[in-house]
């Protein structure tokens, strides 16, 4: 890769569709779904067993720049945002797992992004995480996945088979729990409601309001 | 600029070989050296555990996490404007640049584009953040190797850029000026003229530093051939920004990506260097800073009139979807993967910060170097702890 | 200084020593995060020069420092190091907590890994609010600390008691001392 190569023109659809075709040729049934936004971006979902092979295939196609690797927890948080009026009773929130782009069958998904620095576009790859929470590691293809997999492990609890040293990266050793899971509560918000909720008591002239006098209504905090 | 002569290079290699023989003959025991987390030479609270054999590093590992504030979890409980307030503080030196990829991702999901004047002003503030950020880097570079003067020059000249950012946005750093759909406010009167003056000043600063620091023989001998990173290793670790360009890879997200910002309206040169050592990384950053001042001048010349905010609803609900936007931040490639479910706030935000990848290579590159070179290599890779730890 | 530890120093002499002490301070910078940059601007830049107040930055180690400026977010992983370095400082020592992260957790008040305020670990004398506070605000914090020292009852400090002002006036003993609350004298 020498600096004398002129940068390629910005890619169109043909390039991204070509990537999908080549992945289908390499992985066969391992490629489950793809989502292409023309001129913008490409998402691809592969099966769990094909996760490491997808990395190798993409690297062979020229995507040798490793951007990042992380995980997604598709279950909505049962705690909400902690910004609701504490004097008003709220209904329990739905914890139904609804996956995003390119679908998914499990609560957790790992996703990663690699970029081709010569053709100037990248691909986001996703895969379902089975209930055993074990995934193959991307280190054989991209050495930089080391730290990313360690972070994903400590934040979600997903283990990566083949990782030489899966210990905590950010959190102190005695930390319990996996913070980025949606069922990990932020205790400060549970103990004390968000201080930005301005008006939790009714306005003193609530009686006049019913008569039709124009009164300013209390606003929920959160807008800019 | 003086170059090391052949004789000097040969004598340096001979001295290293002699040292190596000496280390073999002497029975040196391994010693574990703990650098940090509170250390004047690390840009914040980074801890490096190095196992030494004499003065050479056998094994080194950076231990991040002393500034881990849990950004990705905090974004899940905040609304979109509140997230903008928070993410300023990831790369706390190049502050406006942190907001831009997130706002662009949210705008991509909302399918709204900021008006042209807002795009130009965003780009100008982005480049000013780059100049402020890398200006401090150039000052810190000297201090990490023992030269104390550049840091005073850097702080002095950086104040001018911070005054500009403060004049436009109200905050020296952490401006919190970007909004989904545009900017909070228009530029004040007289700002454009003052910016031109400051850009002249910063070009003088770059020249001063090039002469003072980069022309210094001690600086050159401490940085040349130290910490060489070949291009393929750099790409597999995800090194970005000036680090990647200093290894010879010609890739700049400002030029190679189509974003609703004003970089495609200006001409600028992308600097690369084939060597991949610490000298190359520092040198590329210096050239880029100078290039940024020229970019700002061109943008000021072409600044269009018009509104600075598109028509967006007052309470912002971003439609469901996923978007990834990354930009060429001062530290490298910074990107946000925003997952939205149609609420007031994001469902999940994955923050891809440049320094995380830049420092993950440390255990690979620090093998076999001398202890002072650890500091040199880390200084040239240039990280901000908030960027590593998020 | 046997008079001082036996608590028998007359008040005018205490005042003289206090004045001398307040104008010859060596400050240890505990720069953790963004506030460290503003602290650097306050201490190391020629514009907001702190040396004109009689305070020198950059001691070689905490064992030679008079007071420490904790600037930036304190995380739970970093907290033991903060405590250890505070204990390494010799008495008399003071703490300025700079920035809202060090005061109370700041914008990360709900995070799982942030210590909500450095005063949970070490006793704080002056709070400088802001995110980040301007260098001038930090300089005012330093000036308030100097005023606090000037009013300090050294005998009480040597006996190990909490801060006691020499003359019991309304301002000198107010707690907590926050920048923006006016001078202490």
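All chains are identified by letter, namely A, B and C, in their written order; residue positions are counted from 1 within each chain.
FYI, a residue touches a chain if its C-beta (ideal position, glycine included) is under 8 Å from a C-beta of that chain, and two chains touch if they have at least 3 such contacts.
The structure displayed is predicted, hence computed values, not measured ones.
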Task: Classify the chain contact graph as line, ring, star, complete or other.
output: complete
Statement: Between B-C and A-C, more contacting C-beta pairs sit at B-C
- line: When centres are defined as mean Cα positions, the distance from chain A to chain B in whole Å is 24
- line: In whole angstrom, the CA-centroid distance of chain B from chain C equals 32
Chain A-chain C separation of Cα centroids, rounded to whole Å: 42
Shared interface positions of chain C, touching two or more other chains: 77, 110-113
- line: Two or more other chains are touched by the chain A residues 82, 170-172, 179, 184, 186, 189
- prompt: When you check chain B against every other chain, which residues touch at least two of them?
  reply: 65, 68, 70, 73-74, 77
- request: Over in the complex, which chain C residues touch chain B? Could you list them?
  value: 30-34, 36-38, 40-41, 44-47, 58, 72-73, 75, 77-78, 81, 85, 107-108, 110-114, 131-132, 134
Query: Which chain A residues qualify as touching chain B in the complex?
result: 1-3, 5, 7, 10, 39-41, 43, 64-68, 70, 72-73, 76-77, 81-83, 98, 100-101, 111, 113, 117, 120, 122, 124, 141-144, 146-148, 155, 168-172, 179-180, 182, 184, 186, 189, 222-224
Field: In the complex with chain A, residue positions of chain C that touch it
entry: 76-77, 105, 109-113, 116
- prompt: Which residues, counting only chain B, touch chain C once they are in their complex?
  reply: 37-38, 40, 44-45, 65-70, 73-74, 77, 85-86, 89, 92-93, 136, 151-152, 155-156, 159, 172-174, 385-386
Message: For the complex, give me every residue of chain A touching chain C.
response: 82, 170-172, 179, 184, 186-189
